[in-house]
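Dropping the structures in below, format is structure tokens.
One chain, chain A, links the two complexes that follow: it is found with chain B in the first and with chain C in the second.
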Partner chain A sequence: MYDDIYRRGSINRPPTPDAEDDQIQEKQLTFQEIIDIKLIESGEKERLKELLRERLIECGWRDEMKALCRAFAQKKGRDNVTLDDLVQLLTPKGRASVPDSVKAELLQRIRSFLASAAI
Partner chain B sequence: MLSFWHNFVDTIFVLIASKGLSLQLSSHFFGDLLDSIIVDVASECHRIARLGLDRNLEEEEEEMRLSAQARLRVADPSNSSEANGKYIVDIFGQNHPSVASEIFECMNCGRSVMAGKFAPHLEKCMGKGRKARLKVTRSSTAAQNRNSRGSPASAYSPYSNSTSSNRLSNGTSSVAGEEYSNGAFEDP
Partner chain C sequence: MTRRNNPPYTNPKPCEHLSDYKLKHGFNGYKSLQKFIRTTPNGRTSLENPNTKVPTCDSCNGYRGRFYFCLVCSSISCSDHVLFHNQSRNGHDIAVDVERAELFCIVCRDQVYDPDFDKAVMSKHRIDMPNVESDGKSIGERLCKRKKSGSGFGVVDQMRDLKGPKESALMRDQRAKSCYPLGLRGLNNLGNTCFMNSVLQAMLHAPPLRSYFLTNQHNRETCRKRSVDRLCLPCDIDGIFSAVFSGDRPPYSPAQFLYSWWQHSANLASYEQQDAHEFFISLLDGIHEKEGKIRNRNRENGDCQCIAHRGFSGLLRSDVTCMTCGFTSTTYDPYVDISLNLDTSNYSMTDVAKKPIKPNESSSISTLLGCLDLFTRPEKLGSDQKLYCQNCQERQDSSKQMSIRRLPLVLCLHIKRFEHSLISKMSRKIDRYLHFPFSLDMTPYLSSSIVRNRFGNRIFAFEGDESDISTEFEILAVVTHSGTLESGHYVTYLRLRNQWYKCDDAWITEVDEEIVRASQCYMMFYVQKMLYHKADENMSHLTTSSKEEALHRVAGFS
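Take a look at the complex of A and B:
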């Protein structure tokens, strides 16, 4: 399911910044897909996601996000809220409010995997 | 064909070794993980909102706000602290005297007693403490001394025969009465 999201970008969210050079980007896309497959097949992607989820709960990030959603739903009216609304609401704020230590830990884990997968 | 593959593999290794690419890739994958978690949270909140499951949370939030306010009041240095005297301020801002002052009746002896002094009173009242027990034994031995001095013919002195024998020789006995039973005594 998540692979579809990567390729189609079907859920409306602010676009991620693009790499400048198209040629390199094309190679990177191939790279990304290969590494993505390796991540999934080895089970590391699931482990990384669980680790990130746990850290985000511990630091209160998840509670903040839920409070944002509650406030939004109260204003807009419970039955008028769509999933798209909430994703659009949470994506910029969620990305901005991840604590640096959490981000650093996950980046380190991913880079270790990249190093080990290349060999 | 083979040389193409060798070049391709070499290029890949070079690129992987490059730290910049590693950082960019890991950022990309981190973003993917985060986006997927955001979708999870959004979908859970969407469900809660549509099913109206968060009604109880509003009450809890109100209570948390009140307790946070109360905590601020306690932390405020301008309030009276424990060092200030005998009054203690709790998180609701109420004052308590250090000795409980409510007065009620002791259920053992019936006396009026102050709540803060009830425990020591009960110790004396119910005979639990050392002093209370000594007090009880002293009063019982005093009662025994009083009894033996006042009446020598009491049940506690089994060896006093002199007075009873006196009574027998002075008064008319039933034995003496039977000697006159020629006809003057009538059986009751």
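Take a look at the complex of A and C:
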């Protein structure tokens, strides 16, 4: 019986927006945005960030980034370095050198969160 | 590397926009911010408006990226729109990074620093606030007080009077040996006593100890008359100093000392192999037992003045932080050496700037600095080790962090290479190579550095900025171990007047520094830089013969 329902295309159409919704100029949130907000509101994002910090310190990633900054500042001159410079310098290298084990652990945590938050 | 000329913590000059802001608004912005400041137990501070959990940009409603809280009008802008905010309003130049609680100048597009802002932020942290007396200077200025600079000994490059053959033979050429500096003499192995010989060689050249005994501050005659107790380790040590610095070159047998030491440490009295570190501790203990009573007679409190403690003793600080409320309790403990776990992180420091390094690669070397980092890193105590928090009034998950409050004249670093597993009741040795520097700056491991770093880039004076402590050390001796737990051998490398000597029981040879660098270090003796160079100078002005005379006169031995 349920197979029939799923085969009917009409079921899968997005619901017709109610009249009131047109007046309120609200941006429709994407799925990703919903998750993000839920992560922040529940405090889980903060906990995940803390975990990430810990792991990145443990494996020496942060020291590596510090060394990069120092080398850059020495070359460019201490007073000629801005925050933007450093962000631009570090972002590609930093992202690329996060250990796979750390990525895996965080993904696992996020999955558990999603499961428990019943999204 | 670095910053020889720059004090570690200077107060950066404010940009003109920050100065203007301060002139116009004073501390109003900072004070009104205090109610939004939220701190976590591990030292991170952020701004949080309890009404709006998720900060959003007033311009675009975005919630991603960095957010800046304008100190003039309290509006929040994301990094894309903060410039727009500044350009459309006059004077709204200074903002606060919401996630980090740090000052940001929108016009300069860069972080700026203000000790008064940091003070406002730090007052929200649950730490023991020191009673900082204001003597008119700002916190930043007080922090800038330069550490006492070295008295200008510099790097003394001693010219050797005589050049001995590089591949000096052992017993054969006595003439070659006579050009060795005074105080180099082999010690015979009396039956697995290399653990003792290796440590003795280091102690014979540790400046405070060496001066003490060579200037006859422990006089054997006086000692014999003073105490009925015939057993006196310092007397026997004095005997070794006399023998080694006498100018005689044939290897010496420290039998009397060994016998005395057996009496003192009865549990270690055997011909079995012992641990050099254990011996070192018991040696200092033996000196302290005898000397402590005499030297401390007139002082009720304060630090022990025996030569063992005067040379090797320092102070460790331990901070235990409650992970629930952030309350930190601090204790101090003395030490005569620091035992370090080997840093086994998968990470290499080579050439970071030039080529991309993946931490997953197995090109990893353990370094002494890595071990010291590990030692001073905050350690989350397991949930089976909950400690009682005074503030919460119950046991909570805690974090512990060690740091060095006071450095000794001679810093002994011990690498924990012998692992004992409680589970399998087995012990094993960790052979992993450890890279160590010849010059060591201990600044990053001081309590002031560690505690300051806990709270990020804050300009804030913590109790006792150890501005009177000299933190630069030079390596004096390395005690190395080769072999297994059950059957191994200790060898000491000594650096005298910029030349390395290998002390392998009775055999002393010159070696190149590469050999030393490649060795498996077990205990390292670092001496404060000034003391190291001064000691070198003192010894080098005498020729061998006149040294002998001097010693006969001064030390009074036959």
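The rule is short, and it goes like this: the second predicted complex is superposed on the first by the 89 of 119 C-alpha atoms of A that agree within 3 Å, B and C clash if a C-alpha of one lies under 4 Å from a C-alpha of the other, contacts with A are read in each partner's own complex, and residues count from 1 in each chain.
To be clear about the criterion, a residue touches a chain if its C-beta (ideal position, glycine included) is under 8 Å from a C-beta of that chain, and two chains touch if they have at least 3 such contacts.
Because the structure is predicted, anything quoted here is derived from the model rather than measured.
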Side-by-side fit of chain B and chain C on chain A, or clash: clash
Touched partner set for A:A71, first chain B, second chain C, both or neither: second
Which superposed partner A:C59 touches (first chain B, second chain C, both, neither): second
Comparing the two partners chain B and chain C, which touches a greater set of residues in chain A: B
Which superposed partner A:I110 touches (first chain B, second chain C, both, neither): first
Touched partner set for A:L83, first chain B, second chain C, both or neither: both
Touched partner set for A:Q32, first chain B, second chain C, both or neither: first
Touching partner for A:E41 - first (chain B), second (chain C), both, neither: second
Partner chain in contact with A:A96 - chain B first, chain C second, else both or neither: second
19-27, 253-261, 307-315 or 343-351: stretch of chain C that collides with chain B: 253-261
Footprint overlap on chain A, comparing chain B with chain C: 27, 36, 82-83
Contacting residues of chain B [partner chain A, same complex]: 12-13, 15-16, 21-46, 48-50, 52, 54, 57
Residues on chain C engaged by chain A in the complex (per definition of touch): 40, 42, 53-54, 61, 63-64, 104, 108-111, 345-347, 349, 352-353, 356-360, 373, 377
Residues of chain A touching chain C in the complex: 27, 36-37, 40-41, 50, 57-61, 63-64, 67-68, 71-72, 82-84, 93, 96-97, 99-100
Residue ranges of chain A touching chain B (in the complex, touch as defined): 2, 5-6, 11, 13, 16, 19, 27-28, 31-32, 35-36, 39, 45, 48-49, 52-53, 56, 62, 65-66, 69-70, 73, 78-79, 81-83, 86-87, 89-91, 94-95, 98, 103, 106-107, 110-111, 114-115, 118
